[in-house]
Every structure is written in structure tokens, then in C-alpha cells.
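Two complexes follow with subunit A in common, the first pairing it with subunit B and the second with subunit C.
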Partner chain A sequence: MDNREFDVIVIGGGITGAGTARDCAMRGLKVLLVERMDIATGATGRNHGLLHSGARYAVTDMESAEECIRENMILRKIARHCVEETDGFFITLPEDDLGYQATFAAACNAAGIKAEIIDPGLARRIEPSVNPDLIGAVRVPDGAVDPFRLCAANVMDAKLHGAKVLVYSVVTRIMKEGDTVKGIEVLDTRSGQKSEYYAPITVNAGGIWGNAIAEMAGAHINMFPAKGSLLIFEHRVNNVVINRCRKPANADILVPGDTVSVLGTTSTKIPFEECDGVRVTADEVDLLISEGEKLAPALADTRILRAYAGVRPLVATDDDPSGRSISRGIVLLDHESRDGIRGFVSITGGKLMTYRLMGEWTADLVCKKLGVSQACRTAEVPLPGSEPVSMEKEPKKKIFAKAETGRHGGLASRIRHENELQNSLVCECENVTVGEIEYAEDNLDVNNLVDLRRRTRFGMGVCQGELCACRAAGLLKKAHRCSDEAMDDLKAFIEERWKGLYPVNWGAAMRENEYTQWVYSGMCGFGEYDTEPTE
Partner chain B sequence: MKFDVVIIGGGLAGLTCGISLQRKGRRCAIVSAGQSALHFSSGYFDFLDRTADGKAVENPLDAVSALPEGHPYRKIGVEDLERYMGEVKPLFAGCGIELKGDWSRNCYRITPVGGVCPSWLCLGEFTPFTTAQAEVGRNVMVVNIPGYMDFNARFVAAGLEKRGAACRIVDVTVDELSGLRANPSEMRSSNIARLMDSGHVAVRFAEAVRMKLSGEDAVVLPAVFGLKDSSVPQKVAEIIGVRTEYVATMTPSVPGIRTQMRLRAAFERLGGTYILGDTVMPSEIRDGRVVCLSTVNFGNEKLYADAFVLAAGSFFSNGLAASRECVTEPVFGLDVHAADDRSKWGDMDFFKRQEYIGFGVKSDADFHAVKDGVSVSNLYVAGSVAGGYNPIAEGSGAGTAIMSAMSVAEHIISKIG
Partner chain C sequence: MNENFEQCLKCTVCTVYCPVVPVNTDFPGPKQAGPDGERYRLKAGLFYDDTLKYCLNCKRCEVACPSGILIGDIIQKAKMKYGPQKTKLRDAMLAETDFMGSVATVFAPIANPVLAARPVKAVMDSVLKIDHRRTFPKYSGQKFVTWFRKNMAAGQEKYPKKAVYFHGCYVNYNYPALGKDLVAVMNALGYGISLIDGEKCCGTALIANAMGKRALRQARHNVKAIESASDAGRLPVISTSSTCSFTIRDEYPHVLGVDNGKIRENVSLAVKFIYSLVENGEVKLVFKPGYRSKVAYHAPCHMEKLGWNIFSEELLKMIPGLDLTVLDSNCCGIAGTYGFKKENYEKSQAIGKPLFDQIGKVAPDFIACDCETCKWQLEMSTPYKVKNPVTILAEALDLDATAKANNHQ
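Let's look at the complex of A and B:
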């Protein structure tokens, strides 16, 4: 086989595609993973980062609840460095029906989710930020998961098992011979070059963009883009996930993650044209805050770091042509039996929590089609970085050592700190060093500053990359090759940062934004204020 | 405590106003919360860089008439502006601050990322370039201090090369800097400058630069010399022996901090009282006048004065405050120019004109602050707390601060004697 031929092509570098690629690669298949942007840029990187216990679905969708709790327990084992075991509360407020609590707890326990009704006073002591007016609380095994890290770990393990990964590569054509998909044509958006790749099976794991990919192959999936907006608060307001004990609604989940807390979401159906570059509106921000402060009153006075929005891929069930009946669970479509298109499979629906199971089902189907009889091992084999780390091994106790271990788990030992430069801090909010940036660029497919942020948390702290962006722009390899490209990258980073800050531009955030304007628009003279030599 | 004038804010506007008043024998107090915009200065003072449609301005005074009514420059008027502009260099020289450039013409500056922007006057170590070519030399050695990341030699060199120079980037360091490098967050411009201020370190550094020269006719250095001793940049240049250009770094700005310290020292030398690290509490306006102020540290001990100047800066300095609902002036609750609708505060494109940068306190033709539609007879506004102009979009931050401060000082003298 030459380097353009594979056993399976997976389209989509979100968590579903990454999990599918890892599973297929671990079963010995030759895998190509193709992503149009960076990994985890779609819904994967734009959600709560909630390690669902499944409790949220227990009353309405037992099957999803059971899947969630099984996967929850698996992720705690295989992705230790991506998971924080915080537990979660489902609280009942005076305006809610306390009667729902018993129904809820019973449904959880029936689904295998350990749900314990606790005294509201105890809940306040365990989680002091919770609304003190609560009249009921149920404790469940929710947690926090870092979706960027989880996705990166899956991609890395796929590569360790021989997979080839192409980022910034858009699928421009699905090549068919008669009714059979033979491969894809890909445009590398960085070089502008087109290439063809071939495989007997192509998997569409494109999230909401999978709708268009299916169309390219001649299949139709009835999908609906649903926008969900979220807010990130500047510090960990809570240490236990706080949910409302009622039917799922807007802004009813507050998740602590790393150094911040995340509140969400709203839910609005949007047209497909708006899926790229969704923005959070002022009304959504106001709604999130007014609902969020019912979970934790401190949110009303806590600085918001940024706002962001993702697009959930909702899928209508195949048996309902009206499209009103939405599939709640995982949707695996074999287009051969469904549409008569051979060599093409779509995996969609589902959730971040069930990505591994989605990968398993998909890899099972791919293996069956290829006549391969390897069993799935992704539930047992830990992801790279998940191995337990003893901090005592680090006698130097550099301030960044703990941050690096938190971000990269066992792989942090690969970060080189051989000289003072590699020890120099670039991002002082999140303790990111030159050494960690070098590691990320060499090992984690970092192409630009925004990618770097997703891999290292660089620029994610209170200053949102105000000064470290300029430092890091000069460090990335492209700065050595072409400073114009590096400068454009810096501007793109600042624009991306502003996209999240614009909807929450008041208070302390506005002070920071004004300062950033003075530095980049004023002092550096970027953008509108660029003055070309007139001579 | 009783003063003739109490000024809220110790940045460029507050200090210029205080120095002007002290020089005329008025007893002033300045209440300053801490850092000012000078700490992130480019080392150049802008007056009016661009017209409303984004064109570079050559003769700033000529462009004033096209500014909207209500702009601080329009309130002052061309005649007084011209007089103040001529007074700026002597005023600063009297404070031990050298300013270069022709006050009647704009110059050009090299930005920390190697670009070229219009500007007005500049601090002593910089050059007021007369053309947008901002020519430094034919063969230029750009100095990089390893581990110091707030000056990007590569960006600066690329800018120079675009404008026709041949550049070589050379790492230069001295042993004394390794103490800073051992601690990962200490490699800051102000810390480097503090070390360089002890003469022998700067001399050793300059000698190390000279040793690395290989036929270049010019050297570019980051402006991290002369935090207290403003002769250091010149000494370094003399040792290097070829034309030496300093380029501003990312924040903090060493020349900016030095300027702020010198203005403060000059104000105090003239007999002014500088109250540092204190914050003015919300204060009352009674019968159209301010009687006194309270501060956090002085508690019940109030500051009385005949006139008060609000020069507290913009949002960053807490001179203005924005909540989710509205923009306010936190000390007196003055009227502000600001859009009611939050969605109109900014542009979704970061690099486009941002309206909130132009928000500020309303004032009358004599810079009296306005509250509930009525001028407050003894309260004036100066600098970026004032509304009616967008200092980033038009490039007028330092000029509006200095001009409004000088104008306010004259109004106070003519009114209260």
C-alpha cells in the first residue's frame, strides 16, 4: 500500500472522529484522520466540559443515562489526566417542584447512577457557593472533563498506533465509483494543495458539518443545528457541579474545570449557514446570568472571562420524515443498507460522554465490513498521559511543574527544561513555559496560537493572552520562517480572543479590553490603524 | 486639609495640570491610585495622528478644524492650542524630560512590532523620524536579549527589511541578567532597566554589543535603558559607536515609567502634595459645587479645595466604570457620553474603531464637568476621563491629556485667581 491508501478514512477531528480513529488504529487498521481546521474546534471544544453521570437524562431517556454512567466510569480509568472527580448536585429551589426529586433519584438509581438525596444544609456545607435557598439536593457522580485534552489524547494515541492525521485539510470531494465510495479529495488550506486518499471505508464523523459531507457522498441525513451558548467565569466559583433538579432547561448547569467555572447552556435552532462562527448575543448573556445566579448567587458579581457558543448536531430519526422526532442517542448509519452507498458510514448524535462508545460501534461496523475480527480495547487501555504521576519525583518544585502535569499527565516528563530559556514563563496566568510551547509544537500538531491555546491553556487566564500572545507569536516556528505570517497569526489570535470578550465587555473585562486596545491598536498600530509608507 | 486645587489622578493629565498650577503658585494635591497609562507608553506623544477617514496627519493643527464639535481640541481652539503646543517642550524640560521633534509637525515612530505609525513628539532616547520610511541604517544589527520576550527582534528586523535595510539579529546578554532569568517571571523590561541603571552593567552590555558588530552602520536596541538615570541610553550609544536606535518594547514601558516618575518629582519639587495609593470615595455635589473629597486612607480627614480636577483616566484606570446596564463615572456620578444599548459599545472586529474607547464624562466649553445637565462650577475634567473623542482611533491620547490639562489649569487660574 502506498501512503495514499488506507483501510479506513475518518472525516472529522472532533472527539467522535478522534475516538473512532483511535479505536480503528488499535485494532490494527491503517487509519487516516482528516480535519478541516484544528482538532476539537467544533462542538467538542465548545461545551461545558461536564463528565455527565447520566442523571440529567435518567427521567426522560433511560438508555442515554445508562450509556453515560458506564462511559463516565470508563473515562475515570482511561483518561485520568482529563477528568476531575468533583461529584455533582441536582438542587431543588423554592420555585421548583420538590416532588420531582424522588422521581429523579429513583430513575437515576434504576439506570445504575448512584443518586443520594442529601440534606440541603449538608449540600451548603459541601458546596458553599450553592444557592442557600435550596430546598432539596441530590448528589450524583458528575465530574469535569477537559474536552481539548481528551481529544488531543485520542489523536495522539491514534498516531502512536500508526494513524495519519491531517489538520487544516478540507474534504472537497468524495470519490465514488458507481455506488461505492473509494476515497476523498482533500485541500490543505495552509499550502493550497489538493490530494487524493483512498480507502474501502470512509467514516463521516463531522458533527454538524457531517450533514454536508453526507450530501457530498449522495446521502441525506436529517440534521438540525442547535446553538448552545456558555459563559466562563474567572475563577472556580464551585467545586461540585451544580445542576437544577427539574426537566432540562436553559443555563441550568455550572461546572468547575481547571481554574474556572463554566455556565450553560442556551439552546436555539439555527440555519446551517450560521454554523461557522456562531456568536453569543447580548440576550443570551443576560439569560445565562439571570438563570445562573439561581444556581450560585456569586455568579452575579463574578467576572466573566469569555462567552462562547457551540453547535450541537441534532439528528431526526429515520422513521420520521417530518424531522420533528429527534434521536437522543447515538446514530450510526450504514449507508450501504440505508441508501445503497457502499463504503460509507456516518456516526453522529451522541454526546461528548459517549464518544468512546460511538467509536467502538463504528469500529465494529468498519471491522465487520473489512472482515477484521479484532475486539475493541479502548475501554481498558488508558490514553497517553493517563498513567498516575507522583509529584514527589519532581524535587525542583518549579512553579510550572504542577501546571504541566495537570495538563499533560504522565507526558509532562517529555517537556524539556534543560536551560533557563525553556524555563521562562510565556503565559503567567496559566504558567506556560517556553519548554511546554516547544513540546506542544513538536508533538501536538500546533499550527498557530489558537491551536496552542487549546493544547496548553496558554492565554486562557484572566488576561486572556494579552501579553503572552505577542511573546508566543515570536516563539512559534513560523516566526522564524516568516514574520508576516507570525504577525497575522497574532492578529488572528487577538480577534479570536475578542470574539469571546465582545459579548461580555463590561466591568473588569472592559478594563482589560481597553488596555489590550491601547497595546495592540495604539502602541503596535495594528489593524485599522496600520499606516503604509506613503512615499 | 485645605488646598487650592485637588486633582484626582496622577497620570499625564493630572500631573501636567498640577505642575502648571504649582508653577503659578497654586497649592495642589494629587490623589493617585497607582499606575497610569504612561506605564504602557510607546515613548512617543501623539497629538492627532489620523483624520476621521484614517489618513495620516502631517500638520496636526491644520486637522483640528475638521474634528467634531465637543472634541477637547475644538473647545480649546486653534489659537490657544498653538500656544500650548509651543509650551510643551519647555514645560517637560523643566521637569528633566527631554522631548524631541517639531511641535508643529507630526513625525513617525517605529512600533514594538516593527511597523511605522505617525506620532508627534518623542522622549529623549527615540528619534522623531521625518518620513514613513523611518530609516535607521543600511546594515542594521538588531539586538535580542535572550529570555526577554517582550521585545521581538525578529518582528522589528522584518519591518526594517521591508523598508530596505539589511538586518542581522544578534543575541547579546551579560552575566548580571542571569539572576533575572533564574526566576521565570522576572525577565521584564523594568527589571532589566533597574540592573542597567547601575552603570557598569550597561557599559558591559554596550561593550558586548560593540564586540558583535561586523560592519553594520546601525544598531537597534529595545528601550530598556534608563529607568531612573536618563543618561544611560546615550552612554550606551556612545560606547557602541555607531548609530543606535531604541525601539519601544511591549509593556511595561521603561521610558514611560521614567517620565511618570520625573513628572511626579517635579510636581513635588514645586511644592505639590502627591498622595499615592489612595482612592477617592464617592463624593457629593452640592449647589452645583464640590466642597470636599474623602479618600479611603484619610477616612474622616477630608480634602477641601476651591477647585477640583477629575483626571482619573478611562475604564482601565477606573475613571469610568461599566456595568452590564450602563456606563458611569464612579466618584461624582457625572453625566457621560455613552451609548445606552450595550450592543453598540464595541465593534465585533477588534481592529475596528471601538466606540467605548470614546466614552467619557460630559463637559462644557471650559471643561467644567456636567451633572444632570448642569455644569459643576468648580469641577473640571482633563485627559481620557473626558468624553467626546476616541484617542485610539484618532491617535491623540497624550496630546488631549496635555492640552486639556493645560487649558484646565488656565481656566482655574483665571476663575479662582
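Let's look at the complex of A and C:
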């Protein structure tokens, strides 16, 4: 076969596309994964990072709840380095109906989610940050999952199984012969070159952007973009996930993720034109804080690191053109049977938690169409990095060594620490060394500083790039071919950080931003900043 | 979050002012050991890093911080919470100043030559890892408290005003002469002195050696004892050690979580107390004619943290014939028990070098300093004697004339 011909083309480098590509590649298919930007740039990287137990859906959507708990248990096994087993509480506050707790716990247990009603006093002892006024608590197997790592591990494993991955490559055309999709035309946004790739099946896993991809193929999916905004707090406020035990609402989940706590979300329908470059508004920030402090009162005076928003790809069921009946479950569309378009499949809906199952269903359909009879193995075969590693209390071991093991799991042993330079910290807040950055650039498809951030947590700490961005800009040897490129990338990185800082620019964050501006305007010669972030 | 660590701007000025960083590349500096490390420790205790033991607890980082973060406190608390829970015998011996002092003063005639003897130092060096190059402070044959009770206590009632003296371990076990000077000066100013029943070591060495439980017990005991001795904080409580004052005032509530609210405002240093009396016109000082001395003043780190070195300097400037040089702000390197440990000796001396060099250039008659451990370090590392400003005052004042000028006796 020609290197432009594949068995299956997967469009979208989010977690769904990555999981689908991995599954197909593991079944022996020749896979091309195409992403318009970096991996995990859409909704994949813009959520809580909650390892749902499914409890949230147990009362209203038993099927989703069952899917969640199954996938939850699978991810603990196949993606150990991406998961933190924190457990979660569903708390009842005095203004909530305590009667709901029993209904909730019963529904959870019926769905296979171990839900245990515990004494509020015990909940306070286990998680001292929880609202002390709580009148009820249910413990469930929630956890935290790092979506960047999870997505990168799936992409890495797809590649290890022979998949080709193109990032910064926009699909400009879906090529059809009659009613049959034959392949795609792709624009490499870095080189400006267009190329054509062919496969008997093309999978649309574009998230909310999958709507436009379907249109390109001549199909219509009734999708509704819903913006969800979240806040990141400076440090861990809680070590157990805290949810409200009531009908799901705004800002009712607080997740401890890596070094921070994440609070969210809001939900607002937005037009498709706004999906790129969504902004967090002042009203959303206010809403998040006022609701969030009911979960953990300390949030009211904890420094907020940044705000961000993602767009959920909500899909209306096909029999309801009004869009009122939104499915939160997995939506797998075979456009051949649905629209008479052969060789084209869309996978959408669902959630981060069920990405693997979405990949499995999609790969099943792809294999059926191709006449391949390989079984899915993604639930059993661990992802690269998931090997068990010791995270014991070793006071002699440097923090950075423990931090990188936390980030890369078993693959951390590949990071070289052979000299003083490789042991030097680039990002002091998140303990990222020169060695880790070299490893990321050599092995993890890093094309710029923002990609580097998603692979390592560089620039994600308290100073949001103030100290580390200029250091890292000098280190990316392959991505930056000259110092002008390094400067442009540095500017873009600082602007990207500023976008998330702008909505929460007060108090300590504002002082930090002033200081950052002195560093970059005064020392690095960046000139004045625009007050409002630029796109 | 009373340490305020989330206010950190990452400006790193604390690390610039840390005396350990330039001499010990293993120490990541206060920013990383403090606010940066704390975020990771909040995630999981396993991120505790052994290098925190290199912190001197000098608090120079806190003085430097533009955001008011109690960086030193964060580090001390982390050592207690996440560090090794077993204390080494050596550290316990250095930190348990009351126990060691009580034993050694009884046997002072034996203890002093023994501690100075080469074979003993060699054994302490190899077995206990107490550096053999270190000079031990001499133990006194009679405790200050014993002397005071025998000779002075009865006469204190006749003075019109009252002050409580927190003498500390050093005055009690090693150098009662400073306590005697304090009593003489305060009496001349019309203040009768009383001691604190059951006073214990302030606990600074216990904190620095991460012996949190012992420190906590001592702090609780002292706060109660000071409350009762000072009529619930109504009487002034003065000390002649900058570190004792600092520990009681700030380390008790910040590091140990002990409420000292009733007494904190009245716990002070003798120099500050005396300076305020002079400044307010409440007392007059009459100096001996013909007093002459050339003095170099070293401000101890904890004195700078208190912000009180100005009082020592201004008081010394009041003495006619005293030629004062205020030395540059530097840590002397000993930091209490830190410099006694074998693994720290070289670093300790390297930290102090700029200070030793400057003192050599000034070539004073003696050095003035408010801290006993700085005194040990400077007397060992330079050819000069170190005197507490209170002792200098006692030597320069005409005590009888001062007493008369203050209308009593």
C-alpha cells in the first residue's frame, strides 16, 4: 500500500479520535489520525478531569451510569499513570432535600456503583475542606484523570501499533465518488502544503467541530454547542472529589487534579461561530465562586489560577429535530444506513469517561465494514506508561523525580538526568526539568510551547509561565528553527496564558500578572500588552 | 493558610537573600522549599524533600518577601509534619538545652574542660557528628536563677516599677553575667525584676530540629508561666536574647499554633524596652565620664525579623565616647544548633565569612550583638569578644548616678 492509503482515517485528535485510532491500530488496521491543532485541544483538555464513577448520572440515566463505572474501573487498570484514586463525596447541604440521598445511593448501587452513605462527621474528617454544614454524605468511587496524559498515551500507543498521526493538519475537503467517501484533503498549517489521503472508511471524531466535518461529507448532525466554564485554584483545596447530592446543576463539582483543584461547570448554549476561542465571562466566574464555596468554603478566599471553558458536543436524537431531547450517551452514526453516504462514520456525544467504549463501538463498526474480525483488546492492554511504579515516601529523592514519575508513569525512566543541566528546573512551580523537556520534544510530538505545556505541565503552575516560558523557549531546538520563531512562539504562549488569567485578574493573580508583564515587556522587549487578550 | 503561601509572586527575592543558597547547592532555596514545595506536599506528603533540613530558620527570606509570606514557618512546619519522625540523639542533645544545661552546670568544673578536651571532641565528632572544630559555650558553676534567688530577689520589692525577666537558657546555664547586668541596669532605672516561675527554654532549638511535640509542650507551658508571672500580660516581660523574644512572640502562634494573645504585645527585648523609656522621657541615663570604645554592631537575623535592631543601634549611639559601626546585614552562619552539626560546619563558616571579613576590616574593640549563638560563632571565628548591648550599657552607665537621676535610692 501507498503511504497515502489507509484502512481507516480518523478525524479529530481529541480523546475520542485517539481512542478510536488506538483501537483500530490494535486490531491491525492501517490508521491515519488527523488533528487540526495539537492533540487534546478541544473539549478533551477543557473539562474537570473527573474520573466519573457514574454516580452523577445514576438517577437520571442508568445506561450512562453503568457505562461510566465500567470504564472507570477499566481506566484504573489500563491508565494508572493518568488516574488518581481519590474517591468522591456527594454531599447534602441544609438547603438540599436529604430524602434524595437514599434515592441517589440506591440508584448508584443498582448501576453497580458502590455508594456508601457515611456520617457527615466522618466526611469532614476524611476531607477537612468540605462544607462543615453538610447534613449528608455519600462516598462513591470518583477519582481524577489527567485528560492530556490520557490522550497522549492513546496517541502514543496508536503510533506504536503503526498508526500515522498528523497534527496541525486541517481537513479541507472530504473526497467522494458518488455516495462513497474515498478520503480527505488535508492542509498542513505549518508548511502550507495540501495532501490527499485515502481510506475505505473515514471516521468523524471531531467533537463539536464534527458538525462541520459531517456537512463536508454531505451529512447533517443536529448538534448543540454548550459552553462549560471552569476555575482552577492555586493549590489543592480538597483531596476527595466533592459533588452536590442533588439534580446536576452549575458549579457542583470540585475535583483535585495534580497540584490544583478544579471547580465547574456552567452550561450555556452558544452559536457554532463562537466554538473557537470561547471566553469565560465575569458572570460565570461569579456564579462558579458563589456556588463553589458551598462545596468547600475555603474556595471563597483561595487564589484562582485561571479560568477556562470548553464546548460540549451535545447531540439531539435523530427523531427530535427541535433539539430538546439531548442525548448524553454515546452517538455512533453509520452514515451509510442513516444518510446513504458510504465509507463515513461519525462518533460523537459521550464523555471523556467513555472514550474507550466509543472507540470500541466505532472500531467494531469499522471492522464490520472492512470485513475484519479482530476483537477489541483496549480494555485489557495497558497504555504506555501505565506500568506500576513506586511512589513511596523517599525523602532523598528530588521532587522533580517524583513529579515526572507522576506525569509519565513507567515512561519516566526514559527521561535522561545525566548532567546538571538535565537536572535543572525550567518550570519551578510544576517541577519540570530540562531533561523532561528534552524527552517531551524527542518523543511526544511537541511543536510549540503550548504543546509542551500539555505534555509536561510546564507553565501550568502558579506563575503561569512568568519564569519558565522564556527558559523553555530557548530549549525547543526542533520546534524553533531560529530565534525569531522562538520569540513568536513565546509571545503566543504568553498570550494564551493571559487569556485564562484575564477573567480572574484580581488580588494575587493581578500582582503576578503585573510582574509577568514587567518581565516580558521590560526584559524580553515584548512591548505593551493589549488589555484584552487577542485571539 | 496563615502562612499566606499562595500570595507568592515567584519573584525569587527570598532565594536571593537566603544565606544557605550560595554555599550549599543541595538546598533548593526558600521559594522552592517553601511556597513551591507546599503545593506539592498538599497534593501528597511523599513530595517532602529531605533538603529542607538545610534551612537555618534565620527568616531572612521572610524579611525579603514583598508579599508577607511566612516562608521560614512553612519550612519548619513541613519538617515537623512530613520529615523524619525520629530525632537523632545528637539533635536531641543540642536541642534539649534545659536538660543539658541543668546537668552541665552541676558538673561545670568537669564539664567545661571535658567538652574542650581534644579526645572528647574527637569522640563527639565521630560518634555524635558534632563538629570537633566548634568551641562549646562554657557552662557556669552557678545558675543565674540560683544567684538571683540568693542575692537579689528579696531586694526587688523596693523599686517603684516592675518588670519580668525571661532570662533564657544561655543566661541561666552559660553566662549569668548578662543577667546580672540586666538586673543592675533595670534596678538603676527604678524597675524591680522578677523571674518567671518554672521558665523553660523558649524551644527555638526544638523547632529547628523538628521536635514539634516537645516544642509545643514547652510553648504551652511558657505561655501559661508568663501569663501568671506578668499578671496576665499587664507587666512588661523583657529578655536579653533576640531569639527568645522572637520565638515567644511569633514562632509560638505561627509555627506551633499556641495562642500567646494575652502576652505577646508585652514580650519585648530589654533594649527596646529601655529605648522606649528614654524616648518617652520616663527615665534618664547618666553615663560614666571618659568611657571610650570602638564597637561593631551585628544585627542577628531574628532581630532583623523583629525589626528591632534599630533599638540596639540607637541605644548604643546614646553612649558618649562609643564609636559605632553598624555591620552589613549578614547571617553569621551558626543559626543556633545548625553550625554545631558536623555536616553543616563548613557551610556555616562559609555563610559567616563576609561578616567575619568585615569585622576584621573594622577592627573594633569588641562586637555588640543581641544573640548568644551569634556570640559563640563570632568569638570562635574572629579574634573579638562579643557583648550584649545590655552589658555595654551596664559598663558605660554610672549606675548610682542613674539611680539618683531616676529619683530613688
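One rule holds for everything that comes next: the second predicted complex is superposed on the first by the 515 of 535 C-alpha atoms of A that agree within 3 Å, B and C clash if a C-alpha of one lies under 4 Å from a C-alpha of the other, contacts with A are read in each partner's own complex, and residues count from 1 in each chain.
Please note the rule applied: a contact is a pair of C-beta atoms (placed from the backbone, for glycine too) under 8 Å apart; a residue touches a chain by one contact, two chains touch by 3 or more.
Just so it is clear, the structure is predicted and the values come from calculations on it, not from any experiment.
Participant: Once the structures are superposed on A, label A:Arg303 by its partner contacts, choosing first (subunit B), second (subunit C), both or neither.
Facilitator: In the superposition, A:Arg303 contacts subunit C only.
Participant: Touching A:Leu467 in the superposition: subunit B (first), subunit C (second), both, neither?
Facilitator: Both: A:Leu467 reaches subunit B and subunit C.
Participant: Determine, under the contact definition given at the top, whether A:Tyr515 touches first (subunit B), second (subunit C), both, or neither.
Facilitator: After superposition on chain A, A:Tyr515 lies in contact with both partners, subunit B and subunit C.
Participant: Contacts for A:Ser483 in the overlay, against subunit B (first) and subunit C (second): which applies, first, second, both or neither?
Facilitator: In the superposition, A:Ser483 contacts subunit B only.
Participant: Considering only the touch criterion stated at the top, classify A:Val381 as touching first (subunit B), second (subunit C), both, or neither.
Facilitator: neither
Participant: Once the two complexes are aligned on chain A, which partner has more residues of subunit A within touching range, subunit B or subunit C?
Facilitator: B
Participant: Which partner does A:Leu187 reach: the first (subunit B), the second (subunit C), both, or neither?
Facilitator: Neither partner.
Participant: Give one of first, second, both or neither to describe whether A:Ala282 is in contact with subunit B, with subunit C, with both, or with none.
Facilitator: Once the two structures are laid over each other on A, A:Ala282 reaches subunit B alone.
Participant: Applying the document's definition of touch, where does A:Ala403 land relative to subunit B and subunit C: first, second, both, or neither?
Facilitator: second
Participant: Looking at the overlay, does A:Trp506 come into contact with subunit B only (first), subunit C only (second), both, or neither?
Facilitator: After superposing on A, A:Trp506 lies in contact with subunit B but is clear of subunit C.
Participant: Do subunit B and subunit C touch any of the same residues on subunit A, and if so, which?
Facilitator: In subunit A, residues 398-399, 425, 428, 467, 511-512, 515 are touched by subunit B and also by subunit C.
Participant: What residues on subunit B touch subunit A, complex-wise?
Facilitator: Contact set of subunit B toward subunit A: 37, 40-42, 49-50, 54, 56, 111-118, 131-133, 146-147, 149-150, 152, 154-155, 157-158, 163, 178, 181-182, 184-185, 187, 248, 250-251, 314-316, 318, 321-324, 342-343, 345-346, 348-354, 356-357, 391-393, 395, 397.
Participant: For subunit A, which residues are in contact with subunit B within the complex?
Facilitator: 279, 282, 285-286, 289, 398-400, 420-421, 423-426, 428, 433, 467, 470-471, 473-475, 479-480, 483-484, 486-487, 490-491, 494-495, 497-499, 502, 505-507, 510-515, 517-535
Participant: Please name which positions on subunit A make contact with subunit C in the complex.
Facilitator: 234-236, 256, 258-259, 298, 302-303, 391-396, 398-399, 402-403, 425, 428-429, 431, 461-463, 466-467, 508, 511-512, 515
Participant: Which stretch or stretches of subunit C touch subunit A in the complex?
Facilitator: The contact residues of subunit C facing subunit A are 1, 5-12, 31-32, 35-40, 42-50, 67, 83-84.
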